[in-house]
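Two complexes are shown next, each including chain A; its partner changes from chain B in the first to chain C in the second.
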Partner chain A sequence: MKEIVIISGKGGTGKSSICAAIAYLAKAELVVADCDVDAADLHLILHPENSKVQDFYSGVLAEIDPGKCSACGLCYQKCRFDAIEPFEGTYRVIDLECEGCGYCYYICPEDAISLIDQNVGKFLISDTRYGCSLVHAHLKIGADNSGKLVAKVKSEAKAIAKVQDKPYILADGSPGIGCPVIASLAGADYVILVTESSKSGLSDLKRVQELVAKFQIPSACIVNKADINPSVTNDIHKYLNKSKVQHLGDIPYADDFHKAIAMGRSLIEENEARWLPIFTEYWQTIKENI
Partner chain B sequence: MRIIFTSTGEGWDAKIDPRFGRTDYIVLYDEEKDELTALDNRAIMQVAHGAGPKTAQKIHELKADVLITGNGPGGNAASILKQMPLKIFVRAGGMSVREAYDAYKNNALEPGV
Partner chain C sequence: MRIAIASGKGGTGKTFLAVNLALKAAETQTTLLMDLDVEEPNGGIFIQGDDAETHKVTRAIPSWDPGSCNLCGKCINWCKFNALIKLGEMILVMPPLCHSCYACSELCPMQALPMEQQSLGEIRHLQLGKLDFTESKLDIGLEQSSPLIERTLEFADEHFAEKELQLLDSPPGTACAMVSAVKTVDYVILISEPTPFGLFDLNLAVETVRQLNLPFSVVINRDGIGNNDIYKYLQKEGITLLAKIPHQREIAELYSHGEIIYRKVPAVDQALEQILSKIRSLS
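Moving on, here comes the complex of A and B:
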């Protein structure tokens, strides 16, 4: 089983639209993992149903047991987040300020403080209208995506692919180069970089490819909106060539991208004559090079 | 030589885990003693951030000479591993621990950065 990760560095390049188009085309061969948990969008197109839902826990918050607290005030003095306040003769934690660092828990002379695992959202395994399974998550407001959550999404997707005997996992990664992106790359067999013809598109492509190169994973790139700035597109082509990133192709600016999202369908469903040949070719090249 | 494999299981037949930081097991083969031991690393699943450096710390504690893994460590883990007298080999994902060891012996593995 091979794991393909789609990332972009920069947000808004069309990564999820491209991911959905590949998912539509190759639906019989894959399980989809939406690792872009902060801004999960694939469900808008794949319309998940019959979801198996689990609570997801990540991080901790401190909690003071007023029965054990001797009101010494040590935690109150030492908390660098000012997350502890006097309350009814003892102290209490202000949840919104607490970072869960655990300092108060370690220094409390009365062992009156515990660290409570936080329910930060839901983790879902769903059927989709394409027939392929989708593993995704819904985070609560203020909750962070994390390497932990991405690793969980991917390991569930792997387990499902094994049961269903699917040869590929298609993971939609998040923008940037942080912990969740690193976790989405860990264990990947092939990376598809989606960039756009803009200065920031190129700059963020370089940053994310640097990360991919550290993991020594083969990568290929799709340049979206390639006609809006031909000189930047030319620079992107030069960069791909220099960095030994395969150039999958250029896509000119197309209204179909936002029309398809607005209608809740993939590019290929929006305009089959135009997009089916393009994505069929991309998918063929990806499979040959993985 | 003390050779470490990132692995999805405990024995010679277990597959190499392509992930470094979030590897399920750390398998150590001590060539002199001809002894294979496995350390369960699955508690790393509960770590939200910084899995790479945590696993790198364990590699240090195991005093390994060689590390054989899949994708190779990320930036933070690599900067720790670089401080150790450790040879890193990558792209062993999908092999069994035994196959990876044989490939290492035949100089068929790719050096990591």
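Moving on, here comes the complex of A and C:
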């Protein structure tokens, strides 16, 4: 089983639209994992049904029992995250600031602090109208365990692919290069980078490819909105060549992207004559190179 | 007055709005723009100058001193982030996983894990007339952006507290990085686009700022694409629609070249006027 991850560095380059088009095309061969856990959008195209929902627990938050607290202030002094504040003669934890490191719990002389397991979100395993399964998630607001939830989404997708005997997992990643992206790259076999023809797109592509190279995962790139700035597109091609990233193809600026999203369908369903040949070719190339 | 420009979804025009708004505001008042999308900052593509100064930012990470360690293994159990591993007769520190809480270092009975400074990223500062601009960049391979965001906000408090207007270009999403950036502001402008993706992610962003008890309003970018559902949502929720920016290919082209757009596209200039007059009515 091979794991393909779609990422972009920059947001809004068309990552999820491209992911949905490949999912539509290759539905018989794959399980889809939406790893953009704090802004998951694939469900708006894949229309999941029969979802099995499970809570996801990860990390802890400290809690101070005011009845036991002797107000010695040790936790308040030691907390590096300013997550403890004086309150009504003792101390209390500011949940949003607490990193869950446990330091206060280890040092409290009164045993007044406990560590509470955190429900940081939920993940869902669903059927889709395409027939393939979708694993997706919803991270709670401000939660800092997005990497672990991404890892959970991927491991569930793998388990399903095994049961269903599907050769591929297609994972839609999040923007950026931080913890959820790193978690989506762990164990991946192939990366599809979706960039756009703008200076910002190129700058973000370079940073995310540098990260991919650290993981030594082979990558390929689709340049979206390629006709917006031909000179930047040319710079992107040169960069891909130099960095040994396979160039899958260029897609000119197309209204079909937001039209398809507005209709809640994939690009291929929106305009089969135009998009089916393009994605068929991409998918063939991806399978040959993985 | 400190204002965050944020969105749930990436690529809706945060940097576009932040950069253009900051430059326009700086025509008449002292303005600070902080690019806090530390994983993929782009503000510096649009705001350029020769005399930028770069400040290295470090953070403290434990380093293992084999001479003092008795291999008791307590540190492995203390660390909630799995940043310490015992491998044979060695303790390995995994810097990307460390949250710099100091627990292992200060609790170690042998003082075998002294804290050492390691690179986190950099803050680049540039001044152009009335505008001060900072761009923070996280080292590639590091997982957590919040510490660098917080350090940049401290840097701003130290150096730019007197600026009349402080704008902050937030990271996308609604996870810890976005919250670290947004929680310190007086007001939030959320920017989205009129598609189902834009609406779904705006809804998450609205829930986030409501949970943080922050006043906010919304700018819709690329008006004309998609459908009207987002406007119905704003009306139903009683959320102020601050401005609409039309969908024009010309805007995308200018943006792709790294150009300042309001000086060339009157519709953008007009939208910025509306937003600035709202901002000025707040202070």
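The rule is short, and it goes like this: the second predicted complex is superposed on the first by the 263 of 290 C-alpha atoms of A that agree within 3 Å, B and C clash if a C-alpha of one lies under 4 Å from a C-alpha of the other, contacts with A are read in each partner's own complex, and residues count from 1 in each chain.
Rule of thumb we're sticking to: a residue touches a chain if its C-beta (ideal position, glycine included) is under 8 Å from a C-beta of that chain, and two chains touch if they have at least 3 such contacts.
Please read all numbers here as calculations on a predicted model, not as lab measurements.
A.B. asks: If we overlay the two complexes on their shared chain A, which of chain B and chain C does A:249 touch? Say first, second, both or neither.
C.D. replies: Once the two structures are laid over each other on A, A:249 reaches no partner at all.
A.B. asks: Is A:58 contacted by the first partner chain B, the second partner chain C, both or neither?
C.D. replies: Touch partner of A:58: chain B, not chain C.
A.B. asks: In the superposed arrangement, which partner chain does A:179 touch: chain B (first), chain C (second), both, or neither?
C.D. replies: It touches chain B and chain C both.
A.B. asks: Using the touch definition from the top, say if A:218 reaches chain B (first), chain C (second), both or neither.
C.D. replies: In the superposition, A:218 touches no partner, neither chain B nor chain C.
A.B. asks: If we overlay the two complexes on their shared chain A, which of chain B and chain C does A:167 touch? Say first, second, both or neither.
C.D. replies: neither
A.B. asks: Which chain makes contact with more of the residues of chain A, chain B or else chain C?
C.D. replies: Of chain B and chain C, more residues of chain A lie in contact with C.
A.B. asks: Just to be sure I read the superposition right, which of the two partners does A:101 touch: chain B = first, chain C = second, or both, or neither?
C.D. replies: Once the two structures are laid over each other on A, A:101 reaches chain C alone.
A.B. asks: For A:187 in the superposed arrangement: first (chain B), second (chain C), both or neither?
C.D. replies: A:187 sits against chain B, while chain C stays out of touch.
A.B. asks: So in the superposed three-chain picture, is A:147 touching just chain B, just chain C, both, or none of them (first/second/both/neither)?
C.D. replies: In the superposition, A:147 touches chain B and chain C alike.
A.B. asks: Using the superposition described at the top, list the residues of chain A that contact chain B and also contact chain C.
C.D. replies: Dual-contact residues (chain A): 59, 144, 146-147, 179, 182, 211, 214.
A.B. asks: For chain A, which residues are in contact with chain C within the complex?
C.D. replies: Going through chain A, the ones touching chain C are 9-13, 16, 37-39, 41, 44, 59-60, 78, 80-81, 96, 99-103, 106-107, 139, 141-144, 146-147, 174-182, 196-201, 203-204, 207-208, 210-211, 214, 225, 228-229, 232, 253, 255, 258, 261-262, 264.
A.B. asks: Could you list, by residue number, the parts of chain C that touch chain A in their complex?
C.D. replies: Interface residues on the chain C side: 8-12, 15, 37, 39-40, 42, 45, 78, 80-81, 96, 99-103, 106-107, 138, 140-146, 171-179, 183, 193, 195-197, 200-201, 204, 207-208, 211, 222, 225-227, 249, 252-253, 255-258.
A.B. asks: Quick check: in the complex, which residue numbers of chain B touch chain A?
C.D. replies: Contacts found on chain B: 17-22, 45-52, 70-75, 78, 90-91, 93, 110, 112-113.
A.B. asks: For chain A, which residues count as touching chain B in their complex?
C.D. replies: Touching chain B from chain A are residues 58-59, 144, 146-149, 151-152, 179, 182-183, 185-189, 211, 214-217.
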